[in-house]
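My structure is below; once you've seen it, I'll send some questions.
Note that the chains are named A, B and C in the order they appear, and that numbering of residues resets to 1 at the start of each chain.
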Amino acid sequence: MATQHSRSAARIMMAPAVVLLLGWMLVPLIMTLMFSFKRYLPLRGGDLGWTGFDNYIRFVSSSAFWPAVSTTLIIVGAVLIITIVLGVLLALLLDQPMWGQGVVRILVIAPFFVMPTVSSLVWKNMFMDPTNGLFAHLWRFFGADPVAWLSEASVPSIIMIVSWQWLPFATLILLTAVQSLDSEQLEAAEMDGAPALSKFGYLILPHLSRAITIVVLIQTIFLLSIFAEIFVTTGGAFGSRTLTYLIFQRVLESQNVGLGSAGGVYAIILANIVAIFLMRIVGKNLDA
Amino acid sequence: MSIKKTILSATALTALAGALSAETITIATVNNGDMVRMQGYTDEFTKATGHEVEWVTLEENVLRQRVTTDITTKGGQFDIMTIGMYETPIWGANGWLVALDDLSEEYDADDILPAMSGGLSHDGTLYAAPFYGESSMIMYRTDLMEKAGLEMPVSPTWDFIREAAAGMTDRDADINGVCLRGKAGWGEGGAFITAMSNSFGARWFDENWQPTFDSPEWFNTVSFFKSLMDDYGPAGYATNGFNENLNLFQQGKCGMWIDATVAASFVTNPTDSTVADSVGFALAPNTGLGKNSNWLWAWALAIPAGTQKEAAAKEFIEWATSKDYIDLVAANEGWANVPPGARQSLYDNPNYQEVPFAQMTLDSILSADPNNPTVKPVPYVGVQFAAIPEFAGIASQVSQEFSAAYAGQQTVEEALEKAQAITSEEMEAAGY
Amino acid sequence: MARGITNQRKAINTAAAWAVGLLIFFPILWTILTSFKTEAQAIADPPIFLGFNWTLENYATVLERSNYARFLWNSIFIAGGSTILGLIIAIPAAWSMAFVPSKRTKDILLWMLSTKMLPAVGVLYPIYLIFIKMGLLDSKIGLVVVLMLINLPIIIWMLYTYFKEIPGEILEAARMDGASLKEEILFVLTPMAIPGIASTLLLNFILAWNEAFWTLNLTAVNAAPLTAFIASYSSPEGLFFAKLSAASTMAIAPILILGWFSQKQLVRGLTFGAVK
């Protein structure tokens, strides 16, 4: 039905977005690629010439590289699992008839509005501090020794903070999907006396698969680059250093922009591997 | 109508002319107590000179990242930057800072303690003016010490510290014998363990810039620290930095605390500290090898080269680091709260000599020697750091390995092995 | 009888949902409460829940120390500006993808999303250098553009999914009536898409408000938003939980209030095409 006219109009309308994003992607990408083949040390005078693949070799052969990759994947994976499982349960719960539904929804989505820096500071100081934190008070109340969360369980602590931030997002999207579930189908299932579990497995979950796909996709993009949560809480210590954080250390702490840029290129590659992987697994759900 | 307009623009012009000599300078600074206090007195500066001041106050790590990016790219966002003894010589050598060699007569630059001006200079030229200077020393609870039946020597050994910590620790009363920094970060736990290693005869690099974490001295340092803190330190000490320990000490949960001399004014301040009237001071401990484990640091104000407002910036620096500023703070908040450690005249002042920690602060500062920091010779300058561009990056990673060892996630041997590998790797990358 | 059972179930649901809701909200509630305590009360053991002497002292301290109004205004300007600019660019693009799809539409969409994967810190130096060259450092305009670009893929994707749900027949009917392309977008599509546009706007406002890397690293004074404000209150010397809480509350309050008023819109609108 689309005419030649509307096709060219469509192209014109897409042009600004495509051109801008192309620029936003290409300019930094090309500069990053260029830096990554250079010895670029800002504190030693800046650009010190080309070095071939030195930075790339050095970045992967560093003892910090593989642990950082696995920490990244663990954090992303764990947060995805937690937010989706809890998000589905919460969405189902919030969909039930109840008093004060609006208020409860507000309470549940509130963490999404909190800046990552603020939520990290709050969790770190007011909850996880081993002396004055609320958890420490709670542990002592029950006669247990307070846990030094950010050193003894740094990665789980960060997973917890990040999950708290992203659970509302997952819940919101899943809730919208749950609400669109055909109530007639549900009632029919109820009439048949289908047990709750099989109702969930055969009816609800398939219906939610598309929403879950979207949660996975969008959250992965954001989670791969979490930074403030680590910067504020552990500073990358105790095995909580992600790839993004490792790049930060190379670029800003070590002031080795060439090496950090090589790391940036690896991070892009990792992100794309994850993306392709995601597309393969969940892409069918997404006939965008 | 048009007459009115003319008059209006004429007044605007005069206002503009008046504003030309008065400028607005932008200052990046750290959010610690003395700096925040200085912000409170900005009006006095504006009144005296007509210059307005915009403050960019940031947490220490964010500040470092922010000003380093700006200075290396010549971004020109700030007219004054608050930097330390680590950055100043490196930046000065690169020609990124305005030399402060033409300060006014009445400013009396010769009054700045030599240890401070030495650490803030490159090739004998001062590049940053110290706002306050610090070393580190022992702060201890005189009541607990007495209860333990011990007496703190003026210059104790680490063995004595261990003994005293054992005597003061009372887990039931939630009192830890000793609180020390274990937090990762080169300016946090990294600074402490480096200064401590000096007293154990260790060093970061040998004369050929080879890292020496495989030496027995380093092993002794880190394992002594860990066993001392495991036995008598607070829970979770691997994440405790200056601030955490300050809170613990103020709440009466530490017998001893070895940290920055500036903390003395906080722990003796009765409004914040529950133990204000029972704090004693001593020199940072040693092992009899001739070096104490105290560091040397200054927060200083520097002007990035290329700023358009150099003259106004200099005026501000002269004001903020002057003797008059010290008098101003003393008059309003008492002598215990003036910025310490920068000027000899402050320590010659009889009023200040009455402050209980004044003499010990001065003695600590004077006993630190950045040009000769360790028992064995080293190629670098700096007590708790080595003033080379790579150090911050290396030391923050090394201190993370140490913190992981403190937390029991790896052994001291493993941590030192990794430290050696990280340092070799980075030094090689830097072309040593 | 049946009604009784429903009410009973409803009561259980209500209790469960409220318990979970309060648990999730608790950290925020605790922060707000702490902001009204003195520093000593903030760390008291056992913790004091409500029975403390409420004080505004922390807010007074924070207001005295920082130019909160300017930070707030910058946040509003940057988040609002980038969202509006993003919508202006995204609406035509999403429209054409939804109604004049080609074989490459899906690829283009995924490519757009993939531009979000470049780790920000890796390109700090390139972007900083570009900003210096263009004189954009510490300018609100510069940040508006950067945040717009960061969120543009999400905006386009969200709008695309909304537009796709608009039945094509309506458009055809409008076309039969001789509506021009402009009229079609303005009078037919836009009204139908308003709920979608509104929730896109909200989500992106939130994302832009909370962005803490570029807003911190590319600003100093004139453009510094609330993310920079909060960076001056984390871990200073001495006791600081109460002051930190006050600053935190001030940083999140505006967006929290906005979110509360618009939560219905968000709940309805955040579909990303998840609903078929």
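Going forward, a residue touches a chain if its C-beta (ideal position, glycine included) is under 8 Å from a C-beta of that chain, and two chains touch if they have at least 3 such contacts.
These numbers come from a predicted model, not from an experiment.
Q: Just list the two chains that share the greatest number of C-beta contact pairs.
A: Ranked by contacting C-beta pairs, first place goes to A-C.
Q: Which chain's C-alpha centroid is most distant from that of chain A?
A: Chain centre farthest from chain A's centre: B.
Q: Taking the mean of the C-alpha atoms as each chain's centre, how many Å separate chain A from chain B?
A: A distance of 36 Å separates the two centres.
Q: Using the average of all C-alpha atoms in each chain as its centre, how far is it in Å between chain A and chain C?
A: Chain centroid spacing, chain A to chain C, equals 16 Å.
Q: Chain C: which residues touch two or more other chains?
A: Residues 43, 124-125, 129, 231, 234 of chain C touch two or more partner chains.
Q: Among the residues of chain A, which are close enough to touch at least two other chains?
A: Counting only residues that touch two or more other chains, chain A contributes 42, 132, 252.
Q: Touching at least two other chains at once: which residues of chain B meet that condition?
A: 65, 69, 73, 247
Q: What part of chain B is in contact with chain A in the complex they form?
A: These residues of chain B touch chain A: 61, 65, 68-69, 72-73, 90, 94, 184-185, 234-236, 238-239, 244, 247-248, 253, 389-390, 392-394, 396-397, 399-400, 403-404, 406-409, 418, 421-422, 425-426, 429-431.
Q: Spell out the part of chain A that touches chain C in their complex, as residue ranges.
A: On the chain A side, the touching residues are 1-2, 6-7, 9-11, 13-14, 16-18, 20-21, 24-25, 27-29, 31-32, 35, 40, 42, 90, 93-94, 96-119, 121-123, 125-127, 132, 134, 137, 140-141, 164, 167-169, 172-177, 180, 210-211, 214, 217-218, 221, 224-225, 227-228, 232, 243-244, 247-248, 251-252, 257, 260-261, 263-265, 267-268, 271-272, 275, 279, 287-288.
Q: For a test of understanding, state which residues of chain C touch chain A in their complex under the given definition.
A: Touching chain A from chain C are residues 6, 9-10, 13-14, 16-18, 20-22, 24-25, 27-28, 30-31, 34, 43, 45-47, 89-90, 92-93, 95-97, 99-100, 102, 105-106, 108-110, 112-127, 129-130, 149, 152-154, 156-157, 160-161, 168, 172, 181, 206, 209-210, 212-213, 226-227, 230-231, 234, 241, 244-245, 248, 251-252, 255-256, 258-260, 263-264, 266-268, 270-276.
Q: Under the stated contact criterion, what part of chain C meets chain B in this complex?
A: Going through chain C, the ones touching chain B are 39, 43, 65-66, 124-125, 128-129, 131-132, 137-138, 216-217, 220-221, 224, 228, 231-240.
Q: Once bound in the complex, which stretches of chain A touch chain B?
A: 39, 41-46, 58, 62-64, 129-132, 145-146, 148, 150-152, 231, 234-239, 241, 249-250, 252-256, 259
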